[in-house]
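By letter and in written order, the chains are A, B, C and D; residue numbering begins at 1 in each of them.
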Amino acid sequence: MRIGIIGAGRISKVHARAVAAHPEAELVLVADPVLSAAQALVAQYGGRATDDPDQVLTGVDIDAVIICSPTTLHAQQVLTAVRAGKPVLCEKPVAATVAEARELEQALAGLDARVMVGFNRRFDPSFAAAKAAALAGKLGEVEQVTITSRDPAAPSKEYIATSGGIFKDMSIHDLDMAQFLIGEIAQLSAVGMNMDPDLVETGDFDGAVVTLVSKTGKVATVINSRHCATGYDQRLEIFGQAGSAVVDNLRPTALSLNTAEYSGAQDPYLDFFLDRYVEAYALELAAFIEAVQAGSPLSPSLHDGVIALELAAAAEQAARTNSTVFLS
Amino acid sequence: MRIGIIGAGRISKVHARAVAAHPEAELVLVADPVLSAAQALVAQYGGRATDDPDQVLTGVDIDAVIICSPTTLHAQQVLTAVRAGKPVLCEKPVAATVAEARELEQALAGLDARVMVGFNRRFDPSFAAAKAAALAGKLGEVEQVTITSRDPAAPSKEYIATSGGIFKDMSIHDLDMAQFLIGEIAQLSAVGMNMDPDLVETGDFDGAVVTLVSKTGKVATVINSRHCATGYDQRLEIFGQAGSAVVDNLRPTALSLNTAEYSGAQDPYLDFFLDRYVEAYALELAAFIEAVQAGSPLSPSLHDGVIALELAAAAEQAARTNSTVFLS
Amino acid sequence: MRIGIIGAGRISKVHARAVAAHPEAELVLVADPVLSAAQALVAQYGGRATDDPDQVLTGVDIDAVIICSPTTLHAQQVLTAVRAGKPVLCEKPVAATVAEARELEQALAGLDARVMVGFNRRFDPSFAAAKAAALAGKLGEVEQVTITSRDPAAPSKEYIATSGGIFKDMSIHDLDMAQFLIGEIAQLSAVGMNMDPDLVETGDFDGAVVTLVSKTGKVATVINSRHCATGYDQRLEIFGQAGSAVVDNLRPTALSLNTAEYSGAQDPYLDFFLDRYVEAYALELAAFIEAVQAGSPLSPSLHDGVIALELAAAAEQAARTNSTVFLS
Amino acid sequence: MRIGIIGAGRISKVHARAVAAHPEAELVLVADPVLSAAQALVAQYGGRATDDPDQVLTGVDIDAVIICSPTTLHAQQVLTAVRAGKPVLCEKPVAATVAEARELEQALAGLDARVMVGFNRRFDPSFAAAKAAALAGKLGEVEQVTITSRDPAAPSKEYIATSGGIFKDMSIHDLDMAQFLIGEIAQLSAVGMNMDPDLVETGDFDGAVVTLVSKTGKVATVINSRHCATGYDQRLEIFGQAGSAVVDNLRPTALSLNTAEYSGAQDPYLDFFLDRYVEAYALELAAFIEAVQAGSPLSPSLHDGVIALELAAAAEQAARTNSTVFLS
């Protein structure tokens, strides 16, 4: 499968690496307005570079498109690619606003759209094993989910300014995981935090706690922070009537140290998503390729992406107004 | 120190055992309307039995009183004991309603009241070590606290009916721990859950998630359940700018098993508070005795108990109304 | 049961505390040539003090004797107590030499001797649970046992000089545990180490590795050190055909810390046997009292003590001669 | 770097995969007497297939050779490749007998031999981090090393018959690790076990415990088994005067389960070396390529391989004769 990538930033590298490593995929084209960035990427992982995204979105030599452009461009690019008959793997969020995301869904309604949204964590072996344990009935009826998700360090203020805010940019992964685990969300409440004084001027929160209730009364709690001294803190607990599944953080090695001061000290957590989710990205791509080839449904779907965006917007509203938001 | 106990139920036994084991304390009197219950207790731990609580509250041979009676009797008994000049260790909650608790505080205002409230978990060596690590600056500025607290199994419907509800009966320990760790609470929101269909008729929740925000913007999340298949699930995370402290569950032994099906499997958690908090109760009593003897302040104070009750009432209100409650 | 203790040193305190805490035992007499030491002990745990051991060994008001005297006195005192009809709990080793131990066994042959040897670790809840898992068949046929046992710090040179050496003084616990877990020992080899230059002049080893083979071909490995920076390192692995049981070290709390330098760091191990084996000593005493009252066999028996001493002597011989020693 | 591989068996696949994944290496030729096996391998990882090993050992289009043939062929093939000027990565053991290995060393003496021996575990990130911690002084003077190494299941009797026995085939990795960690070995003793009755007829042991003493008095203990119900049991402890480093087993995910029966249960260990040491093999190859390109010494060297083989032979002798073997 000949794959083109839009964008040559950090997340594009993750995808380019996964494409290069996949036995049935080939990186053939990378588009970025900064041509040198695209060139650097293809120098490492193969293919041609361009500054014209349309060559990727509509090129005859492209079998599938991975969209890693700025969020504001996602909807239009997805639409263009679908109209050109290309299957699309689009990074989250699917659009900058809920309205835009819904418009995209409507615009795609009649078309034979093949769109998958990049909620890579669904493919993480540990999280997937936790969900599998739940589905296999090992936990009994699932009742409470707790997701702890903290980045090692805040991005730059410039990034934050265009990120759409913590809920759309960061929490959205966890909100998707919440609905993935407890089902359709009926209501949520949220608290936004300003922990780092330097970030207050961004107008964005740098921490959050979101509580989501599903239509069937299950509850998920999402705990977020833009910083974490020990690394990329990514944990999950699924609590059910018969037991619970817990996913701990990963460390680079299986080593622990015992000294006069402490015992059992392991390394800090893997530092960020490039390390922590390297397998998840590879499995995500593999699932995308397999479903495209088989003509089977792509999951997480565009609709999953729209819902996650709605949850992110609702969480922001809840945090800003100190009120519970009911999803329609 | 000659100690009298009001009540001869489950929690009274915990205190009686702690008194018997303390080198400077002696159990001299236990009062319970069911005289045989009181007799059974003193048969094991020493002292006399009576069905008249006033003998404990005002007896000349009593140096200090531990109140383990039904909640509705707490306020009046504390007042009686204080008027008789007795130091009091009163089980939580300090009263059945916030109004009653505030009245008690006012009634005690002029008196030289020596009242400690039984938030035993503050004395748990693991939780205390976590707080000490925070106070010692090892975690940097504390930002987020997560308290998971699940009972192994729900009490009887009869007990639930008179318990005051999950927030006053069970969450109150965690709400106290929250304010103990993040300081005075400014606002909270809560979700109540009905997980066990059999308990719906009680009108009480059997699960809850409470999110508390302190006056300084720190956030604590409390996750509660009336049941937990693996035992008494009592965990804590204090997350700060420079690190985090995590208290895991305790197990009866240091054994783990490896088989063809799994590895590292430990025993289920200690089953309930009698096992899990046996040291905490002993340390609580020791702190009470030491402070009484030294004339130093008793902590947690009656006021801590009133605040915790206010938080519990606020959490109930938040859960019933799906709204954020602001503490005055 | 009225109990007398011979000796008022460190291990005597452990036993005195256990006696005081046992509901059916009472400390009535402590004998030590240093009368003030005996007085200090009874001041804390009750009873009278004397400098005459015979008052304990033969006293009419004594129902059972705990012998914590120097090793060279054990055999004679056990004999005296048995002749006086007293059940005895004797600290390990049962004698200073194998010859002396065998003589004691012979001397006791015709008498109705009730003697238990203080291999307290057999009663440790974690080790006992590991053995119980093996006996319950959870591990399949037991094949390999690994015992790691390291003291936090070496005793004084004076103590070492009279200790009988590392094998009789320290390893003997582990050698007993080995035969307790894999059965009668057919042969062993050993390496002695001199790690701390300061201790070389004692002529004793301060580290050892002993490999024991049972008559049925199972193998136990014992790894010893007189020092361990992280505390009292006491671990066990029982490996069987269907699985393994592992006992990890105990820590004072369930707290772990995560910082920028490390994650999951727990406290150092419990520092020494007073903390690590407090429950084991209490359960050992309880088993002694229960067996004495029931007239049932005392275990570990005097013969277990003799065998352990033989193993210790064989290990010393093996280490000194670099040869395998075959037990007869 | 154009790489040829001799052999197309299980371990060849590991190396072929590593070559294919290395950015500077290319698999160009695979030789196996079973041509179809060689063809299958190159179909997956690239290059040509042949049944003539000399094409690999001396081919002009070959920059380096990886030898994965049966052990009895190693020495001659290494010699041939070296004479043809090829750098060699040779699987362990370097020869079938110590005599043969020494002859090889002598034969290579005058030549500019570039030979590395495949002790892949030295490159395992966890073991390497443990050694690095020791080298960095975090453990103080290293004193005792414990290596536990158990295969998930015994190979076929046919394989065992030609394997050279457990010490040369399996323990040799651990014996190399022992000398890697405590330095040159002065003496060793060993116990061989026959645990599985089905394997007795092979005449080989299926379990072993080896105790090695270095010239400086450090001690390493190696515990081996041909089977382990929970998977591939690969652990290491380095104990030093100031602390210890422990490498635990790896699991496929970071998931643990809590039920009414147990808590903290993780998956069984990774099943075998293909999973457990995949990173180690890649890093081994990278080190080989880097050293070849830089002209720097190859490590582990052929001499390391000879020493490990001597240790394996000595362990066998010690186990067969129940005696301590002194290395010259």
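Going forward, contacts are C-beta pairs under 8 Å (C-beta built on N, C-alpha and C of every residue); 3 or more make two chains touch, one makes a residue touch a chain.
For each chain, UniProt lists the protein as follows: A, B, C, D = Inositol 2-dehydrogenase.
What you see is a predicted model, and the numbers here were worked out from it, not measured in a lab.
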Chain separated most widely from chain B (Inositol 2-dehydrogenase), comparing mean CA positions: D
Pair joined by the larger number of C-beta contacts - A-B, A-D: A-B
Fraction-based call for chain C (Inositol 2-dehydrogenase) against chain A (Inositol 2-dehydrogenase), same above half, different below: same
Geometric centre distance via CA averages, chain D (Inositol 2-dehydrogenase)-chain A (Inositol 2-dehydrogenase), whole Å: 40
Gap in Å, rounded to a whole number, between the CA centres of chain C (Inositol 2-dehydrogenase) and chain A (Inositol 2-dehydrogenase): 57
Shared-contact residues (touching 2 or more other chains) in chain A (Inositol 2-dehydrogenase): 229-230, 242-244, 249, 256-260, 267
Chain D (Inositol 2-dehydrogenase) to chain C (Inositol 2-dehydrogenase) touching residues, read off their complex: 140-141, 143-144, 146, 148, 150, 187, 189, 191, 193-195, 207, 209, 211, 213, 217, 219, 221, 223, 225, 227-230, 237, 239-244, 322-324
Residue numbers on chain A (Inositol 2-dehydrogenase) that touch chain C (Inositol 2-dehydrogenase), as the complex places them: 229-231, 249, 251, 256-269
Contacting residues of chain B (Inositol 2-dehydrogenase) [partner chain C (Inositol 2-dehydrogenase), same complex]: 21, 125-126, 129-130, 133, 138, 242-250, 252-260, 267
